[in-house]
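There are two complexes below, and they share chain A, which is joined by chain B in the first and by chain C in the second.
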Partner chain A sequence: MEGSKSSMRRELKFLFAIWKANLQSAMEYHIAFIAQILGMMLNNAFYFLFWVIFFERFKEIRGWGLNDMFLVFGVTATSFGVTAFLFGNAFSLSDVIAQGRLDYYLSMPRPVLLHAVSARSIPSGMGDIIYGITSYLLSGYFSWGGLGRFVVGVILASTAFAAFLIIAHSLTFWLGNAAALARLLMNAILTFALYPITLFNGPAKFLLFTIVPAALMGSVPASLVRELTWQNLGGLFLGAAVLLGLAIVVFRLGLRRYESGSAIQVEV
Partner chain B sequence: MTVIQISNLRKTFTTKRKAAGLGGSVRSIFRPQHQVVEAVRGISFDLGEGGRLGLIGPNGAGKSTTIKILTGILFPTEGEASVLGYVPWKERRQLAYHIGTVFGQRPQLWYHLPAIDTFQLFGKIYELEDKDVKQRISFLAEAFEIEDLLETPVRKLSLGQRMRCEIAASLIHRPKLLLLDEPSIGLDVVAKQRIRDTIRRMNEMENVSVLLTSHDAGDLEALCKRVIIINHGQIVYQDRVSNLKRRYLTTKEVGVRYARPIPKDFTMPDVNILKVGKYGVKLGFDTRQIPADVVLARLAESGDLVDITISDPSLEEVIAKIYQEVEGAKEAQA
Partner chain C sequence: MKKYWAIFKTQVVNSLAYPGEIIWRSMAILLFLWVFTFLWRVAFDTSAATTLSGLTLRDTLWYLMLAETIELSRPRFANTIAQSVKDGSIAYLLCKPYDFLLYQLSVNAGDTVFRLVLTFIFGGALIWGMVGAPPSPWGWPLTLIAFAAGWLINFCLTALIGLAAFVVEDVTPFTWIYQKLIFILGGMMIPLDFYPPWLQRISKALPFSYVMYGPARLFVSPDLERFTALLAGQLAWVAALGVLVSIAYRRGLRRLAINGG
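And then the complex of A and B:
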């Protein structure tokens, strides 16, 4: 127990160091850094404008109103931003694998997956984070307790999202290059996460909780912010934990193929 | 102490094969064909503490695969290996604390940051105390003559400067073994020499063992005590670099310059006249046919010598000769 605690502390120290280096790297081009953040916020705002116009006309879809959209947008954008900013390489893991760049992480004394996904930061993720928090504050659901639940919800949702990206990109170990497929799956999860969950029933809803776990990025953490129930918290925690466990297993299996040299075109 | 010990190491890859053209691409979807590539075929060697070993051979010879097996990046199909007492593919993380790696074509420094930031990050990766990292950086900066480069973003450094910083970064945690895969690739002559000098100095100062792969025979001449030449995944030659020279450097080239003009039809028995100028001549000879002192004596008799240079053939030529011998022996066997 003491050993695993100290090992966790070591990995956290390492993570903070790599995040610091990422931030320093992004700051090297401070104008581009700020432009990316502002650009992403503007991009999100334009996208959201559609829902503002929609709800002005229809007011509600199956009990889902504009304030719910603000909240779900807040949670999803923040979770997406956290993943992009802190684990940016999860978005391009396919290329890292296909181009043999895992060699570098394998030659270092740190956990390969953790090192590989945290070694790059996408600066625009900060724009998503700021936009997401603003959206939450404007949703009308703000309370101090709610803010705490928002933070917990975002941590679990970004874990689920990062795990989903890792699983999708790890298919490269078997398919050669799964970048396009992973992008497709990522767009699917984002699109469905931002739709009112009340629109879906039966098999479609089941799909959004399992194969394309969009609900874990949108409606479930949003429900948690609205109200703390064990069903919301437990469901989100369990979903994130299962996805993370699956991501680690899939990546490890893939890594065995990589280490065999047959997964990629190796330099002899 | 033996730093590296490998025995009968084999590595086989399975790769996809596809016929040319669109038809081949379509066929490969429905009926994929695979081929087995034997990258390493039964290699055995060892490296002692403080040793400097060069692994050379043409593209596809199996050099990089061998280095990757020794770092734990790849596991072998067959055979045994021990690096600093660890089995690389089973104890990769423990081993990583004690070895430094440089892949010439895969930079490890953060491109947009000054090198000093990567050095400090490596300090965290290898779990070193901040105070030790600081001391180590200033020591390496002096040894590698990179004090003025440390705070410049890596993207603004020349390839030679970057490579010096790369090697310095790989030594931040005081590794006992340095594995260098093509460290001098793409560098100009001056930068190459500087890199070689620094590696040799670090080997002498800290007794760090060095295994390097290279295409460049100059790396071996300047850096290595022992050499292994591999081709098609097999060792074709291994010996001390000095023995390699003695055995294969049997030809010499001599250039002389006289005080007065020499005849255009300058001749000498048992030597090849390569070039005749107004005041000088360049010739080549085989020391097994005519001793060097005889040639020099005859040259001295031909006029008043002003300058003289004697050179060995390049190691590239030597390696080509070894290949020819090996291939010749194989053909004779066949």
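And then the complex of A and C:
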């Protein structure tokens, strides 16, 4: 027990060291870093104009109004940003696998998956985080208790999202470079997460809780922020845990099939 | 012109080298249109109307199908130009016996062809299954011409963003914002007809709507008068932006410094 605790502490220390190095590396080009953050905030704001215009015309969609969209955007953008900023390589894991760049991580005495996905940070993720928090604050659902639930919701939604990306990109172990398929699946989860869940019913809703678990990234954490119920919290926790477990299993199974031409190189 | 035609043909063949990639990318349209179908069905139901701002649900979804087709087949080469400026590889293209901008035009036109056809087929099949037959085929040739003119406007705007790499460190944020301008002011996510009148006026005056809204609206309501007005506007924008791209390119070259290689 004590041994696993100290091992966990060691891995966390390692993770923080990588994040620190990533941040320092991004800050090296500080103008580009700031431009990416501001650009992403502006990008999200323009995208959100769609909902402003839509609800100006249609007022309400099956019980969802503009304030609900602010909230769902807040949760989704922040979760996306957290994943991009802290686990940026999860977005390009296919290329890492297909180009034999896993060799570098395999040669290190650290957990391969954790090291591989956290080795790169996408600076624009910080723009998503700032935008997401602002969107939540503007939603009209803000309360101190709600803020705590927002943080919990974002942590679980980011976990679910990162796990989904790992599963999608790990298909490369079986299909060759699955980058295009993984991009399609990522677009799917994001697109569905950013629409009112009340639009979907029957098989479509089932899909959003299972194969493309967009509900875990948008509507469920948003419901948790609105109101703490065991169903919301338990469902989100269970969904994130199952996805994470599945991601680890799929990646490990894939790793057994991994082949490369000894491409050990410095990963920068 | 012969050499640019050869570059175009080579690129068409190149784009088929990875059929899996092009198919997955084209299939993205199914996803977006499926969501749109849910959204707009509910929106029309909520309004309890069969026609909104002159468009039926069927018109709206066919409009969105074409708009998505344009968006997904639109070339995104701003970062390619920017990268070649930053790493100096532009030097290899500059010393070849062709014009850099016309080379980019030929390459990107070649890249567009199969993506356009496949996206149109996938999207068209889905919307046909969901809401019925497409609009009158006699408007299709007119739409194709309007699409080509809109494509040129998009080419000029994307080239301007790429050429901005001569003066700024990173052009990626510009590409994101440009895409969202196309989404919102271009009318990719909602037909501009559903906008408040003041926003319609602004959107229709800008070049983004000539890339997206113009051809997509012509597709669902084809008529000669609409076509000639659209084409005149598109050609005016192509001329103005073409001059701007040419100036930006020449000024950029003056700032270019390549060491070694």
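Brief remarks on what is shown
Throughout what follows, the second predicted complex is superposed on the first by the 258 of 268 C-alpha atoms of A that agree within 3 Å, B and C clash if a C-alpha of one lies under 4 Å from a C-alpha of the other, contacts with A are read in each partner's own complex, and residues count from 1 in each chain.
Keep in mind that, in the parts below, a contact is a pair of C-beta atoms (placed from the backbone, for glycine too) under 8 Å apart; a residue touches a chain by one contact, two chains touch by 3 or more.
Remember, it's a predicted structure, so these values are computed and weren't measured experimentally.
Of the two partner chains, chain C is the only one touched by A:Ala204; chain B is not. When both complexes are overlaid on chain A, the residue A:Ala35 reaches chain C alone and has no touch with chain B. Number of chain A residues touched is higher for C, counting chain B against chain C. Of the two partner chains placed by the overlay, neither chain B nor chain C lies in contact with A:Leu238. Contact with chain C, but none with chain B, is seen for A:Leu184 once the two complexes are overlaid on the shared chain.
By the touch criterion stated above, A:Ser25 is placed in contact with chain B alone, chain C being left untouched. Of the two partner chains, chain C is the only one touched by A:Glu56; chain B is not. Contact with chain C, but none with chain B, is seen for A:Tyr195 once the two complexes are overlaid on the shared chain. After overlaying the two complexes on the shared chain, residue contacts for A:Arg110 are found with chain B alone; chain C is out of touch. Common to the chain B and chain C interfaces on chain A are residues 29. Here chain A touches chain B in the complex through residues 10, 13-14, 17-18, 21, 24-25, 28-29, 101, 103-104, 106-110, 259-262, 265-268, going by the rule given at the top. On the chain B side of its complex with chain A, the touching residues are 11, 13-15, 37, 39, 59-62, 64-65, 68, 71-75, 89, 92-94, 96-97, 101, 103, 106, 108, 110, 112-113, 117-118, 120-121, 124-127, 153, 233. Within the complex, the chain A residues that touch chain C are 29, 31-32, 35-36, 38-40, 42-43, 46-47, 49-50, 53-54, 56-58, 60-62, 124, 176, 179-181, 183-184, 187-188, 191-192, 195, 199-200, 204. For chain C in complex with chain A, the touching residues are 20-21, 24-25, 27-28, 31-32, 35, 38-39, 42-43, 46-47, 168-170, 172-174, 176-177, 179-181, 183-184, 189-190, 194-196, 199.
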